[in-house]
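One chain, chain A, links the two complexes that follow: it is found with chain B in the first and with chain C in the second.
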Partner chain A sequence: MLKRFRLEEPESAAEVSELLGRFGDSAKIYAGGTELLLAMKEGLVHYERLINVKKLKGLSEIAGENGTIKIGALCTHHQLETSPVLQQTLPSLVKLEQNVANVRVRQAGSIGGNLCFAEPHADPGTLLMALGATMVAEKSSGPREIAAADFFVDAYETSLKADELLTAIRVPAPGANSRSAYLKFGYLERPSVGVAMALTLDGPVVNEVKIAVGCAGPAPRRVAEAEALLNAKSKDEAVRLLPQAGAIAGRASEAISDLHGAQDYKEHIVGVLLKRAFNSIVS
Partner chain B sequence: MSKPMTRHADAQTISVSFTLNGRLQEIEVEPNELLLDVVRDRLGLTGAKRSCDVQVCGACTLLVDGRPVSACTTLAFEVRGRSVMTIEGLADDGKLHPLQEAFIEHGGFQCGFCTPGMLLASKALLDENPNPSEAELKHFMHGNLCRCTGYKKIIESIMAAAKKMRAR
Partner chain C sequence: MQFEKQVEIIAPREKVWKFIWDIDRFIACVPGCKDAKTVEDGKRYSAVMVEKVGPFKVEFPTTIEVLERDELSHIKAQASGADNKIGSRMKIDLDVNLREQDNKTVVSFVAGVDILGKLAALGHGIIKRKADQVLDEFAQAVKTTLEGDK
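This part shows the complex of A and B:
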């Protein structure tokens, strides 16, 4: 049973920002509700007002424009997993989305809500980080862009300001030689570990290597040190360096021991998944 | 299980007009009312079950515009202008749906608690993919849990219904 709250239904990002400014911590943005309502039902959080943002126009589209793929924050996981634009440009994201939770969660849950709730065991943030995505945040004074790597602060905490609304995610369109993969491992629907890798294949050399790890610790993390180790190396050399890169990524995951696994176990799995991700995109 | 809603004079109410099992339904709801409570307690359709209450088990599955949702975690006002199907609406004028027939014929249930959700989820699957492979079926249905038995009979039932429906 949910405690009583009032519902606001604004129709523009500026209105949302104004409501957030006016009601502060007593109000919360509500979209798909797949995570927020669970926390509210459990009594972990309570808000006097929910701000339903689903009446905002133009936040449910996925489109390629000027070398960027723009994903509206209100797009559901189901929209992402079935989007022809994404199937063509970002197949790794489509595959990730096909495996988010279950069919009902994918039907209701939005990509924006997933990112803003910042539940540590969520998948999309980790891959978006490796894909070099940016988040578009809006408030009354206008929009700004936040790099995915700067978006996730801690468990359930993002760098969005109190009066900002996430309106879109912008992903650079990968080039013809770009490859990416996201692999996860876990029991039931919440992964213990998620690893994302993106790179460009220039003949026998791997370039622009990007690695991100998630789920093991409080928030997704880019692993610049492991990227630097593999970058501009031949495939064979990179394969030899993968165990070292995996160990670095394991430590960078800030893995914690919990019901999803012990710290050293999760760190080990990071290394295993990194190796598999590399092998799946560099064949 | 859940207590009836107590109403206060200052409560915010939302008029919700929607289609329920093919018939127009108009009700007033408060923002915090869950679709499962409205359907079960206010509209008397008790086929959808409350079980895990966290969108994992699928026992409360309803179809909204043909797609499966967890009624336990859907705010009732969200069905404004939409079409909702509960298990009570699956049979057509007393004639069982091929999925229902197949579940009976192939022993697709034991206690029956998960069955309404299984039937509605598999209806959504077959509506979008009339000829699913077993792997596609398992992927679509993995969020519907049965605690009586294995899933073999359930899978057999859905595959048999799919075959029958394709033949029609």
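This part shows the complex of A and C:
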């Protein structure tokens, strides 16, 4: 059962930051509530205050601006999966969002909440990493940008400071030859493994290869070593190197043995998904 | 969950043994452990263990019972506690062995950790990883404390 709490209704990001600073661990930001309220109802966490950010203005838009796509942190998964801007520029993110949880979660859950809760089995963080996204965090003194690769610290832990609010996600608009994909596999409600890949096709050569793995371990991870292996290689050569890149990515996933699968099984699936992701975007 | 750890400490075995029974200094090496008290010297102790995974915090008032004690070489103990706020229990069966090797003391320990109740909703993998981290930090802290204490 949900215990009693106070609801704060600030009107600006600065006000949210001030409340977070003032009430510390006894307050938590509340947006979609799809993760937070479940944990509270289960009695796993309790907060004296919830800071409702749903009424903050300007955090629910998706827009392209100066070569960047800006996604407001309060956008729901449903908004992302139906956004014309994203459908045109980031179809891989649209596809990912179409497959997040279920329709109820997609209607209520926000992208910002998903990223900030940092549930190890969440999808979006992994692809955002491969897309080279940055997170915009605001506090009373002003905003700062955090690279997606530096955002996820551990299971349920991000690099946001205690008084910071995630306000937007900025994704560089992909060029005409850029491709990306996110593939996941699982047999429980949440995925066991998620793999994201982005690259640029310059004729027969693959460039700017970015690889990220998630769900298997405590937090999504970029795999620079596997990226370097495939980067600036011809498609055929890259195909030959994929098993090696997959093994590197498997190890980098820091896979944990649990109900979603054993460590070696998850590492193997990382390799399989990496191969499929490459084939789907290169062929 | 079963964990096996080993730490080599550049210090004589007597010193390591004495340190283990100096409850305040010993407990200071256990991450998240506080308010250590001696209930019955050499047999029973109490402490509060506070652990955190992201926003999830648990506070286990813990009783530590020494079940076996072979001077300078072996300790068998059991720690158990419950967090009634969250509705979770934990039990740790600990086997500690000390042996001398050159100028070092090798402390090896086997810990059987059981976490029961709602906390288990976080998932076995996450809890196992956390427990592993705590034990590693503990082993490192014991080494640092004893070796720094010339």
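Note that the second predicted complex is superposed on the first by the 282 of 283 C-alpha atoms of A that agree within 3 Å, B and C clash if a C-alpha of one lies under 4 Å from a C-alpha of the other, contacts with A are read in each partner's own complex, and residues count from 1 in each chain.
Heads up, the rule we're going with is that a residue touches a chain if its C-beta (ideal position, glycine included) is under 8 Å from a C-beta of that chain, and two chains touch if they have at least 3 such contacts.
This structure is a prediction, so every number in the text was calculated from the model and none was measured.
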item	value
First (chain B), second (chain C), both or neither touched by A:Ala39	second
Which of chain B and chain C A:Lys28 touches, first, second, both or neither	second
Contacts of A:Ile256 with chain B and chain C, given as first, second, both or neither	second
Chain B versus chain C as contact partner of A:Ala101, first or second or both or neither	first
Partner chain in contact with A:Lys3 - chain B first, chain C second, else both or neither	first
Chain A residues touched by each partner, larger count belonging to chain B or chain C	B
Touched partner set for A:Ala118, first chain B, second chain C, both or neither	second
Contacts of A:His78 with chain B and chain C, given as first, second, both or neither	first
Contacts of A:Ala155 with chain B and chain C, given as first, second, both or neither	second
Common interface positions of chain A, toward chain B and toward chain C	none
Chain A partner contacts - residues on chain C that touch it in the complex	53-57, 85-87, 118-119, 121-126, 128-129
Touching residues on chain B, where the partner in the complex is chain A	2-3, 11-12, 14, 30-34, 37, 53-56, 58, 61, 67-70, 73-75, 77, 121, 124, 139-144
Complex contacts: residues of chain A adjacent to chain B	1-7, 33-34, 37-38, 41, 50, 78, 98, 101-105, 107-108, 188-189
Residues of chain A that touch chain C when the two form their complex	28, 39, 42-46, 118, 120, 154-157, 218, 256-260
